[in-house]
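Both complexes shown next keep chain A, but they swap its partner, so chain B is in the first and chain C is in the second.
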Partner chain A sequence: MRSINPGVKLATLIVASLMLSLTYNVAVNVAVCLACLVATVATSGVNRRRLALALLPFFLTALAFFTTGLFFGAGGAGNAEAVGVSTSVFGQRTLLATDWTTAMQLASRVLAYGGLGMLFAFTSNAFELVMSLMQQFRLPPKFAYGILAAYHFFPVVREEFGTVGAALKVRGVKAGPFSTRRLLPMLAHALERSESLAMAMESRGFENDAPRRVAFRVPLRARDVAFALGVLAAIAAGLMLVR
Partner chain B sequence: MATTNSNKMGWELKEIILVAMCCIVFGVVYLVAVYLSSFINTACTPMGLGFLGNELLFGVWFMASTFAAYILQKPGVALVSEIIAALIEVLLGNMYGPMVIVTGFVQGIGSELAFAAFRYRRFDWSTMLLAAACSCIISFVWSFVRSGYGELAVPLLALFFIIRLASSVLFAGVICKVVADKLARTGLLKSYALGRAHE
Partner chain C sequence: MRSVARMSSGKAHIGPDAPNASALSVRGARTSVAKAPRDIPALSCRGLTFRYAEGETPVFSDISLSVQPGETLLVMGPSGCGKSTLAYCLAGLYPDYAGVLEGSVEVEGRPIDRMGPQERSRAVSILFQNPDNQFCMDTVLHEVLFALENVDCPGDLDARAHELLELAGLDGYARSPIHTLSGGTKQKLALVTALATGARTLVLDEPFANLDPLSCRRLAGELERLKRRGVTLVVVDHKPGWWLPFCSRIIFMERKGNLDELAFSPAEAPARREAFAARGLFLGSDWLRGVHPPHLAGDASAALEARDLTVRHGRTPFLSGLSLALPRGSVTSLVGECGSGKSTLLTALAGAARFSGSVESAGRVGLVFQNPRFQFLALTVSDEVLVTLRASRPGVPDEQLAPVAHGLLEEFGLDARAQASPYELSQGQQRRLALLAMLAADCDVLLLDEPTYAQDERSTRFILELLMKRVERGLAVLVATHDVELARAISNQVLLLEDGSLRALSPQEVDRYVEERKEPPCGA
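Right, the complex of A and B next:
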């Protein structure tokens, strides 16, 4: 999984998610989720404890969707236009059965998205993804390097959130996470940082349109295409065959 | 118009980094808020309202978009910023993964439409609030596709919509504008459109 071109992987998983979001097929959703988790665990170097922790919010969200669907499903004929594939099969359902199905459909979909998301997050590297987007998907270099530069400040900004909070507390000011008192210093720092970063890059000769070479080349190979076609064909087949 | 057109469309490097940096700041704030909202979610799950927490914070997703558009005041900023924000989410390992980029694109279109409706000439309260509301409406339509909201009962959807609208207007409309105006008053934004407007 790790060696697949990250840009292609991203595009494939986006199309796969879109395919799943246009249909309500519980079996396929669950299968996708399981397949993704198996593929993620099978990839070498994946931290399983972190994966398990990351899965927790999913199950909570899926559960939330499940109960929402169970108690507040549209019910009966109301969802005829919304459920393309499976409505006719369940032509005559009791209200409870309908909502049970709704609950399963909503919850299983969250799990499928989760599987796809985990598969990507745990087997891809941020730097390689941006390089791949630049080399294979024509992302302009100034966006690629600009985004990467800011991305590396994430740990600094996270620390700053705590620092600003502590500074406010010392002065006896109460500030929630979205208080402007907290946002203002953080954004001011972000502004200063972005200007000096841009200046530093430009003064070192970074130009967007100049012809450039890259030290780190992300290859696009036949197996990347095979991965994309294989995954999408499998899901399409699943959606057509499994009702 | 001819003189402003060239720098109106293109992106400077420092603008890109500015947008990305703001996305990081909002991203960190969002992460903290998510912890809070997950309590609400979990508490409401047994009643079938586990989604309330998500809806309460939904507006935070639009902040980068309206904030950047308000500062830079150019066509395309709202849309591109939202995509950058989504890409950064993916880089940070967002749990919904690649799909976030599509969501970002859809939401970006919402606020972009609002700014376009004023032909990118007016950037004031009404534009900001409209942008926030448009993002909310479009993202709500998208939820029908993505999260299967069509399966839910209408009264519940109405409740979700009202909560999401309130959240968007508060976060993406009011908070973004207030903070950006305060920032402009410090003089840090002198080289951007908003800072020039404040002089």
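Right, the complex of A and C next:
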């Protein structure tokens, strides 16, 4: 999974989730979720504990949707049936049928999104993604390197958050983790940092429109295209065949 | 010689035996300049006037300066004299990033404002004071490659990057994440990336301000090697120590005029001791002669006592089993390399970080951070003091606190700026305000993290005097510092933090420690 071009992977998974969002096919949703999780776990170097932890919110949301759909879906489903508005995408009826199916449809959809998200998040490298977006999807270098710089500053910002908290504490000022008291120093620093970073990048020769060499090629290969077509075709086929 | 020649990038590649480093080659398509003759200054400015905003009083006006190829020029001046601003102008960053500039800056005879960043960085690059905030990639190797990509460097980028890293002795760090490096290693990396662009002139803005003495020595050695290879260096600093052994000229920054006329050689520096003093600048450590540790009564009780203190980073103990006592009315210094945990220890002692073990203090413990700006919470200087006063004296109305705040601001020489924003103050003033904001709470113990960092002599003295006055009244002070000579001069005890443990140094050990780390002497 790691060798798939991250830009293509992202695009594929976004299209896949759009396809699923237009339909309510429980079996396909569950299949997509399982397939994604199996693919993620099968990829080497994936931390399974963190994966399970990351999936937890999705399971909880799915559970919430499930119970909501089960207990409060009655009126909506009945009305929908009575009004009889019926649309279809990929041959799927997009109307709510009964309470049980409503619940399953909503819950399984959340799981499918979760699976797609995990597949991407756990098997992709942020650096390669940005490089691929720049090389294959024409993201301007200005944004690409800006995103990377911001991304690399996360550990520093976290450290700063702690320092500001400590500073408040020694001053005897009480401030919760989301207090606006923390905002002023953090904001002042963010401004200072962004400016000095921009100056540093420029003094290292960075110019948006200038010709530049590429040290990291993120290749676009046949297998990436095959992955994109394969995944999307499989979902489309599933939606058309499984009723 | 070989590597510098190869650094000057370009499709028209210079052979390994190019005669001198000022040989210039830029992509043929853009310019026809092939070589900069010897007599053209590497960097020069004429009639330079800079204002931060239209209509404001200029930071400096009508400044002229020229730097010859291969020269190392040291520009000195007290905090806030505009020397960093001049550095940014010379590097072509101002007025793009701030202010209004009149006059001209030329790099190798070409006006800098007509060059794009790519072309400019092949001629001149800058090293910033703060080793953080100047990298945008994750690892050391990626950062160097980023610079090589930017200037469209020909040839094998990977090989070139490794070659550059090897030159600075950083090849072992190629895959290390940048945020795990020490300040000194970061500055070295910044140097490598600046050279990767092919720059033949480097502007350095107080590059040693954040470094421990051993890192300073190594970086100074590195810069001296570059000088010998023909790289032109323009250094802005208020401490001459590390530069005197190899700089070609010293210039005092003035607000106006031709700076070249004021230049003198480093050999003349000792004879100009008074000129240094008049500007509030350091020249060696002689100013410490009149500074002594406070007199300590034999039976002084401990204002703060820590026993078996352990601080963890995640699950691994970072500092373990530390014990120390700070007697009332005493000064204790905490020394140790960058990253040895001095700041972590101070934060734990102030009760603002998690630790195990016991810390007992007789009263309030104050902590002044290395970067005072982390501590500012209010929009004006006087409010900043009031925040602390309100927190330390709950229930007292503001009308009673205001005169107290005013008195304190007067003592600290900040009353004229009472309505200014803390962020508008000069570095020295910010440092004093941070100190004041802590002392206003009637602390019994004060922990200071690098209180003299980036301060000129005048400001350092001012802070020391304020501090010592309070020590006489019984304040216990713990100072974490890289200034080993200062530590020796002011302290009743010196503690060394090394490999996660703490021990008190004997006077002989302190002397040895200082000898190994002090700046080169500045003459008699």
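Keep this in mind: the second predicted complex is superposed on the first by the 210 of 243 C-alpha atoms of A that agree within 3 Å, B and C clash if a C-alpha of one lies under 4 Å from a C-alpha of the other, contacts with A are read in each partner's own complex, and residues count from 1 in each chain.
Going forward, a contact is a pair of C-beta atoms (placed from the backbone, for glycine too) under 8 Å apart; a residue touches a chain by one contact, two chains touch by 3 or more.
This one's a predicted model, so the numbers in the text were calculated from it and none came from an experiment.
Legend: residue contacts after superposition of the two complexes on their common chain; A:Pro185 is shown touching chain C, with no touch to chain B.
Once the two complexes are laid over each other on the shared chain, residue contacts for A:Asn29 go to neither chain B nor chain C. Using the contact criterion defined above for the overlaid structures, shared-chain residue A:Pro177 touches chain B, although it does not reach chain C.
When the shared chain is aligned, chain B and chain C each come close enough to touch A:Arg193.
In the superposition on chain A, A:Leu119 makes contact with chain B only, not with chain C. Comparing chain B with chain C, the partner in contact with more residues of chain A is B.
Within the superposed three-chain model, A:Asn5 lies out of touch with both chain B and chain C [touch as defined at top]. By the document's definition of touching, both partners, chain B and chain C, reach A:Ala149. In the superposition on chain A, A:Thr102 makes contact with chain B only, while chain C stays out of contact range. Contact with chain C, but none with chain B, is seen for A:Arg204 once the two complexes are overlaid on the shared chain. When the two complexes are superposed on chain A, the residues of chain A that touch both chain B and chain C are 149, 160, 184, 188, 192-193, 195, 197-199, 201-202, 206. Note for the complex: chain C touches chain A at residues 88, 91-93, 96-97, 116-118, 120-122, 125-126, 128, 130, 132-138, 142, 145-154, 157-158, 161, 178-179, 190, 193-194, 196-197, 347, 350-353, 365-367, 369, 373-377, 379, 387-388, 391-392, 423, 437-438, 441.
Residues of chain A touching chain C in their complex: 127, 145, 148-149, 152, 155-156, 160, 163-173, 181, 184-185, 188-189, 192-193, 195-207, 210-216. Chain B meets chain A in the complex at residues 11-14, 16-18, 20-25, 27-29, 31-33, 36, 38, 41-42, 44-51, 54, 60, 84, 87-88, 90-99, 101-102, 144-148, 150-156, 171, 175, 178-179, 182-183, 186, 188-189, 191.
Those residues of chain A whose C-beta lies close enough to touch chain B in the complex are 10-11, 13-14, 17-18, 21-22, 24, 54, 57-58, 60-61, 63-65, 67-75, 78-79, 81-83, 102, 105-106, 109-110, 113-114, 116-122, 126, 129-130, 142-143, 146-147, 149-151, 153-154, 157-158, 160-161, 177-178, 180, 182-184, 186-188, 190-195, 197-199, 201-202, 206, 208.
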